[in-house]
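Several structures are given next for inspection.
Presented sequentially are two complexes of subunit A, the first with subunit B as partner and the second with subunit C.
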Partner chain A sequence: MINRVVMEKMIYTIVFEKNNPGKLNALLSGIKTIDGERLYAVVFDEISSVVSDMNRVDLITDKSHAIAFAGVIEILEQHFALLPMRYGSMMESDLSIQKMLEKNYPEFRQNLLKVENRSEFGLKIYCDAKKLKKELGIKSEKETVQRPVSEIKSSVFREYVDKKLKEHRIEELLLSYVDSIIAEFTEVLARLNAVNKFKKMTTETNIIDAVFLLEKDKKGELVQAVEDLQCKHPGLNFTLTGPWPPYNFVDMTIK
Partner chain B sequence: MCENKILCNTGTVDLSIYDISEEADKPEHIEESKLKLTPDNADSGLAKLVLTLVELIRKLVEKQAMRRVDGGSLTDDEIERLGETLMKLEMKMEELKKHFNFTDRDLNINLGPLGDLM
Partner chain C sequence: MYDNVIDQSKDITILELLDRVLNKGVILTGDLVISVADIDLVYVGVKLMLSSVETMEQLKSGKSVAEE
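Let's turn to the complex of A and B:
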């Protein structure tokens, strides 16, 4: 029995080509894809979908493929406003892609305008959790008004509650400390007109994991703002990355 | 991550003793915290799911209780009874974890982009 190889279309990204007709095709001819297939554009009005042929059975989800996929998007992001697609987004044919572009055109356009001339940046802030909790614990003990010993019945259960209460207070202090850093940085980001998303306490040491969507020419100001924040908080480590395609700022479901 | 994507990497805090986030994001960690239910491990898989949810509820109850203690709305006797209850709950959880051979790290579920449940 002969198995027929059905080639489908792997979609990398949706590109806003409005001011650069022709530039996209020239650029695509020089970019390497995951498996050496050529990249090309399926066009609808001002937007294009960048695709390559792909056999679904050859689609492997591993680090090297994911990096190659992201590499294509990153090259294009330097030249166009774009919406990155999830790795493994596939459709049957160019015609079905074109229909999909047509059907979702207003949402694609709206999202593309939102990210135009902007890039995503990531900021992770780390702390030495044990040291920071210890410092906050000392602060908490100083601030707590101690009741006279005679008032407190001492028992194993009471001691257990006291221990838990101490841990709870340290957690609360840690959260308000994180909130104060977020508030401080949000003020800076507002001045830079950046859209931001913050996650708190993603791991024991990673107290803030943030992403920003910022105008490309404000990169220098962002780096300066992070360095200023580092000077104010020497007990923390800051890692700023970017520019990235707007992975976290596309808000739509394809119909 | 590509070196040229790091715009700024500052700070002098030594984090070498921790399993820092890049490590925690590794596929092995994510695999560990995924719920794996197969015909061969249905018992322990279900036990892990149930105990994770019980642990989540226990921690929420404990947090709420501490808020009330901290707010000063409980009498000494109430705090005493609360302590006894919370202590017994924690001990029972430890017993169950031991019975099913689970560690603290096992009692968590990776929720993908949302991170870990606890």
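Let's turn to the complex of A and C:
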């Protein structure tokens, strides 16, 4: 009995070819794919979908496959505006891909114009939570007005309430401190005309998790601004990554 | 010391990359394919990978990520 291998199409990215017609095919021939199959483009008007043949059974999610997938997108991003597809996006045939491009063309084009000549960067800011809370606790105690001796009645209940109030006050101070750092960095990003998304306190140590979309030629200014902030806040650890293709700035779900 | 910094930096970059490749990008509903291999990621990566599998399972079953 012969098992027939059904090949489908793995989609890596949607590329805007408007300024570089013909250049895409020349580039694709030299790029290595996940499983050694050749890359090619399915074209509709000014946009192309970069695909390769893939046997569904062979699509395993491991580190090497994910890195190879990202590698294809990264090389193309140096030459074209593009929208990365999420890993694991497959369609049956070139014809179904072409229909999908046609159906979603206005939305693809709009998103491609939004990311054109821009790269994504990520900034995570970490702190030593225990140390920071201790420092904020000392600051809070200094600012707290001592109650008159007549009001201080030692009891288990009183101690419990005081402890909870102190914890709550420290949490408030921490959030206010994080907000002040966000405000400071938002000012920098506004100056660089960047689009940004922030998350606060994703873990106890990761106080800020930000991604932003920045014009490619402003990378040097961004690095300098982050270095300045790091010098100003030596107790925090700033981790800047990028440039990335605009993974976090494609708000599209297609059918 | 310098090697440690390089290794740490490489790990961070790979985690950031995997987070983007598996959790972000244009979503093609109804036809996401994923099988998880024996993944040799650092500890944090396992959590990340599980989150990605959950996300894809939700997408396959038609539940929006925003509903989480």
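Methods note: the second predicted complex is superposed on the first by the 249 of 255 C-alpha atoms of A that agree within 3 Å, B and C clash if a C-alpha of one lies under 4 Å from a C-alpha of the other, contacts with A are read in each partner's own complex, and residues count from 1 in each chain.
What we mean here is this: a residue touches a chain if its C-beta (ideal position, glycine included) is under 8 Å from a C-beta of that chain, and two chains touch if they have at least 3 such contacts.
Fair warning: this is a prediction, and the values are worked out from it, not measured in the lab.
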Touched partner set for A:Y105, first subunit B, second subunit C, both or neither: neither
Contacts of A:L240 with subunit B and subunit C, given as first, second, both or neither: first
Touched partner set for A:M85, first subunit B, second subunit C, both or neither: second
Greater residue coverage of subunit A in the superposed arrangement, subunit B or subunit C: B
Contacts of A:V250 with subunit B and subunit C, given as first, second, both or neither: second
First, second, both or neither for A:F198, with subunit B first and subunit C second: neither
Which of subunit B and subunit C A:V223 touches, first, second, both or neither: first
Which of subunit B and subunit C A:T61 touches, first, second, both or neither: second
Subunit B and subunit C footprints on subunit A, overlapping residues: 239, 241, 244
Touching residues on subunit B, where the partner in the complex is subunit A: 1, 5-15, 18-21, 24, 62-63, 66-67, 69-70, 76, 79-84, 86-87, 115
Subunit B contact footprint on subunit A (complex, rising order): 121, 124, 126-129, 131, 152-153, 155-161, 164-165, 168-169, 199, 202-206, 209, 219, 222-223, 226-227, 230, 234-242, 244
Residue numbers on subunit C that touch subunit A, as the complex places them: 12-14, 16-18, 20-41, 49, 52, 56
Complex contacts: residues of subunit A adjacent to subunit C: 11, 14, 56, 59-63, 66-67, 69-70, 83-91, 100, 122, 239, 241, 244-245, 247-248, 250, 252-255
